[in-house]
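Two complexes are shown next, each including subunit A; its partner changes from subunit B in the first to subunit C in the second.
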Partner chain A sequence: MAFVQKPQVYKSAINTVELGAGDRKIALGGATVYPLYSFDAPIENAPKIGVEISDLGLEGAPKAMLDYYGDCKTIAEVAKKAAAMPGADFVCLRFDGAEPGEGERTVEDCVKIAKEVAAAIDIPLVIAGCKNSQKDAQIFEKVAEALTGRNVLFLSAKEENHKTVGASVGLAYSQKVGAESSVDINLAKQLNVLLTQLGVAKENIIMNLGSAAAGYGFEYVASTIERVKLAALAQGDAMLQMPVVTPVASETWSVKEALISEDDMPEWGNQEQRGIQMEIVTAAACLAAGSDAVILKHPASVATISAMVAALM
Partner chain B sequence: MAKFITIGERIHCISPVIREAMDKRNPEPILKRAKEQLDAGADYLDVNIGPAESTGVELMKWAVQLLQENFDNVPLCLDTSNSKAIEAGISVYNRSKGKPIINSADAGDRIGNIDLAAANDAICFALCSKAGVPADNDERMAYCQEMLERGMSLGMDPADLWFDPLFLVIKGMQDKQMEVLECIKMLSDMGLNTTGGLSNISNGMPRHIRPIMDSAMVAMAMMCGLTSAIVNPCDLRVMETIKSCDIIKNNNLYADSYLEI
Partner chain C sequence: MFKITFKLSGGGDRTVLAAPSQNLLDVARSAGVSIDAPCGGSGNCGKCRVKLLEGELDCEKSRHIDREEYESGWRLACVSRVVGDAIIEIPAEATAYQDSLSSDFTARKRDFGGIIEMQKKLSEAGIGFLRAFKTIIVELDEPTLEDTMPDNERLSRYLYDKYKPDYVGIPFYVLKKLPEVLRENNFRIKCLIEHSRSRLTIFEVLPPDAEVFPCGIAIDIGTTSVSAVLVDLERGKMLSGVSAANQQIRYGADVIHRIVESTRPGGREALQRAVVQETINPIIRHMCKEAKVPPSAVCRLSVASNTTMNHLFAGVYADPIRTEPYVPAFFETRPIPAVMVGVEANNNARIIITPNIGSYVGGDITAGVLVTQMWDSPEMTLFVDLGTNGELVFGNSDFMMACACSAGPAFEGGEIICGMRAANGAIDEVKIDGETMEPTIKVIGDEGQKPMGICGSGLIDAISELYSCGIINSRGQFVREGRRIRRDKDGAARFILVDREETATGRDIFLTEVDIDNFIRAKAAIFSAIRTMLSSLSMDVSVIDRVIVAGGIGSGINIENAIKIGMLPNIPIEKYSYIGNSSLAGSYMSLMSREAYDQTLEIARGMTYLELSVVPGYMEEFVAACFIPHTDESLFPTSGE
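Moving on to the complex of A and B:
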């Protein structure tokens, strides 16, 4: 008997959220089928790839990455080069240097850097904070104000600061709010409810469901993303239909597979290659689980994941 | 798996206010009741125009358009014994938020409403009865079979027949309650959708008792697999019970604010 395909297409859809402005803006979400299931129905917006840069520059970056960025001196030059990376859909600027402590970057400095980066690129910009909720809320408010009209995504509003971040980023400056829930599926939904009740439109919310490097509790990340997609599509849950953005580089480049030198662990082989592989396998698994965008940093990983997405769409 | 579907029962011509509004084509009281029910979380609204033998066609068209235009094409349940009126209602019905529901067919005089549903790609409530209250579950299941076969022979998706076991009033038929629940379980085991007029069970009870009794019944019925019910969505206790049962059944992902959405 001939195989008769029964496409699994849902009546519900992931919300379409636009990032950036002008010709180079991108759209996340919009799917009515499970992640990468383009054989069930066309997927309007292929998963997107962001390239992460840090306010601390390229210090400590692996060799091939340094080679790629060449003699970039300023953050603007780095941003421009990141935006030009083959496969890049957006740039993510992370304020690692703003973490409270000695020599921390001030909010004013962050605004200055954000403006320089924004001026250097024409693809969408994502701003990631420094892991301190209070400082993040201050940075996000000022950067959102300074970059009004650029339609920037901010990562992220958390349980502790969602009111201030939602009110400034989402309401006052109509930018995009990332809701971060650290692999807590019920909190993921709750944050979306709270942001919505605050008045942030669903078209302005994305989810960061949390992240982990493959092998480091990643199965919780994957199953959380999958359950969210199931709720969004099969159960028509409007409070979980926001697209998912997963920062990958910030996790995978800080685990031992990426950090231990070849001298210390010769049987593991080339250190940079290991880092790239961690980044690629984690990103691929996130996309299979349902991330609508992943944030990477190594040019080799960006090239591989972009080729994978192109082949599957 | 899918969330429980609540059908708001408060646009009913038995209510003097609604009857008068329908007679005079006065939108305000109907819109007010519709809004109250939707704000309270109703998924569908039942529009009961009574038999309306002479005016049904025009009245149903008017009511369908009135409600859908004012409430973003809210899905409706067309409730009348006048099949011409149902047909007329469907002819102006917008399906963007859900198929129309025909309320209702049975295995007796009203079996033709299944044909009407099949011809119009509508959902149809199917009462497991022929004339009066079925004696037992053997009888209920025989009627179910009869209606299921009829619908399927006309090309209906079985999921579009929502079987109603007939909720019975507790005062007077207390000994029949477990049987109704068992019937829901049997229908559910067959993978069928189910519905019913829940508040029937508490008819004649004091006002303050009814929400308690209705809530207990809906929880037990959902345990048995009930997938929808015609309820008063303005009854907070019943709605909170339904939402809580949906969480326990994993039909809806929990969030601390689940009662507010």
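Moving on to the complex of A and C:
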């Protein structure tokens, strides 16, 4: 008997959220089928790929990456080059240097850098903070003000700073709010409820459900993303229908597979290749679980993942 | 050695010698000064505030004491060490948690009526209440040279003839006083006896005109509070009732801390002393004094308590309760002689222990289930006992399932900075005006009683009102500003319920975000346990025919508010009832009726125990419930209206 396909198309959909402005703006979400199930129904917006750059520059970056960026001197040049990376849909600027401590970058400096980066690129921009929620709230407020109209996504509002971040980024400057929770479907939903109670429109929220490198508790990440998608589509839970963006590079480049040199561990092979592989497998798994965008940094990973997405859509 | 003097708030000084660098909390304990330390003296709860009047203490800085307070002498006792002579003031609120026992009389009187009502219903269900204890007058022939029968035989022969038992028991201590009592009263004496079935036992011999009758005491030993009633066993009349703090509190707020303390050298004795000598015996003395009977007239006692509490009460090694595979020394035990645990009562008195169900579901629940009569009804009943350990029983006459969840001491005022037990001075009802944010409160006690803190039922009201007025969000964070909301320099906010000018302590009564968070965890523990238990039976809340809420958390509980904050399931309010301290009521039934006690055995044996920690998904249910009212708002369609 011939196989008869029964498409699983849901009545509910993931919210469509636009990032950026002008011709190069992109849209995340909109799907009515399971992640990458383009055989069930066309997926309007293919998963997107962001390229991460740091305010600290290229210090410590692997060799092939340095080769790609060549002789970029300023952050604006780096941003421009990142935006030009084949497969890149948006640029993510991370303020690693703003973390409170000796020589921390001031909020004013952050604003200056954000403006330079924004001026250098025409694709959408995502701003990621340091690891301090209080400092993040201050940076996000000022950067959101400075980049009014660019429709920037801020990563992230967490439970402890969601009031200030939601009010400034989401309400005052109408930018996009990233809602970050730590790998728990209930906490993710609670934060979305709090942000919407605050008055942030749910169409302006994107979730960061937390992430981990493959092999580092990643099964929790994958199952959380999957269950969020299931609740959004099958149960029509409006508080979980926001698209999901998963920062991958910040996780995978700090685990031992990416950090231990070939001299120390010759049987593991080339160090940079290992880092790239970690980034690729993690990103691929996130997309399969349901991420609507991943943030990577190595040109080789970006090329591979964008080829994968293109092949599946 | 240094001299440390404690000045008590109620007046009176106590001076003891202390070794250098001895912990101040320990020094206070050795002086018999009880200072609250629900956290076990780890510096976390901030309850053990004392004021240094003279001298010096080596004291760690604490977030519970700001700089201004520190400079005026406030210290936390648990993080203070002795470095020289000192005079220390113990303010009322440092012992508020353990409060004196006399204060609760009026509040408890009302509970008596409830117990009598429950007794009536149990009788209707076929539980017999026979009165086996009696006072009798015995008139013996005086011995002569011709009639040389010894005293004890003379007495027992009289009793065999008159009452026809198979056996007459004269305990040794009765024998010891018998010759004198007989001769002083010309062989006409009064006896307190128990005559059940074929057995007659003499508990006391007295002059014929002594105004003494056989009494019984039913006790509920809670982790935080101990309650008791004194009963005239001959006439079945309640004479007095008291509730007081369990003095074990200074060894920690929850059962785990207590068990750990009990495993230290001398710890088991210390814990037993705290609950028997320092808690139950004063209660017994107090009640006996009120009823004008001597403690030796107390012929039978009954104790209902959680498994840890009855082990520590009996002085039985309790550590296995805490460690895998969580096996206690006993579920059921024969009545324990009162003299062997040091309880002040008749020398022949025995203590009935209501049977335990599991390591974390104890005799207090068995007792509670007895009085709910859910074992005798086809209605699907959910029984919720709100305490430091929240316990749930679900079922009907066909089956019953029990589980326990660790709610923490929040319902009893613990882990809440201004929290206290439901004693005089506790705020037990709160309303807040949505416009002005001005609260209206009700305080337990006589008219004019100034508030000292807030108890469980007050907390439920306050948090529900704060949420309804949009002052806090679903996460319990403050989202409105106003006169009542104050922030410290770190931005941490508190809601001022009562200004310091109007309190009994001279300090503000307030709720912080941390307090609210602790409470949300407690309510989430209860709600997620309900959901998990029902879903383990493939049921949901719609199958519940009635919910019976118990626990000594206040003068009652506003069910509507409890539903609004997502603590209890959103089912019609008519299905709910509140029965107060069901453990005490059940303990009373076991005291008064052998058949009731037999029924508790049957309840305990037939109960299925569900260990929540091994149920997959319980943690997730818990996280989902840590939100007002709940992460899944469809469970609470009427909340927020």
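Basically, the second predicted complex is superposed on the first by the 313 of 313 C-alpha atoms of A that agree within 3 Å, B and C clash if a C-alpha of one lies under 4 Å from a C-alpha of the other, contacts with A are read in each partner's own complex, and residues count from 1 in each chain.
Everything below uses one rule, namely that a residue touches a chain if its C-beta (ideal position, glycine included) is under 8 Å from a C-beta of that chain, and two chains touch if they have at least 3 such contacts.
Since the structure is predicted, the reported quantities are computational estimates derived from the model, not experimental observations.
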item: Subunit C versus subunit B on the shared subunit A, clash or fit after superposition; value: clash
item: Subunit B versus subunit C as contact partner of A:Ser261, first or second or both or neither; value: neither
item: First, second, both or neither for A:Glu159, with subunit B first and subunit C second; value: second
item: Touched partner set for A:Gln197, first subunit B, second subunit C, both or neither; value: both
item: Touching partner for A:Gly236 - first (subunit B), second (subunit C), both, neither; value: first
item: Which of subunit B and subunit C A:Lys189 touches, first, second, both or neither; value: both
item: Touched partner set for A:Gln5, first subunit B, second subunit C, both or neither; value: neither
item: Residues of subunit A touched, compared between subunit B and subunit C (which is higher); value: B
item: Touching both subunit B and subunit C, residues of subunit A; value: 185-187, 189-190, 193-194, 197
item: Touching residues (chain side subunit A, partner subunit B) in the complex; value: 185-187, 189-190, 192-194, 197, 227-228, 231, 234-240
item: Footprint of subunit A on subunit C - complex, ascending; value: 473-475, 477, 479, 620, 623-624, 626-627, 631, 633
item: List of subunit B residues in touch with subunit A within their complex; value: 1-3, 251-257, 260-261
item: Partner subunit C, residues of subunit A touching it in the complex; value: 159, 163, 184-187, 189-190, 193-194, 197-198
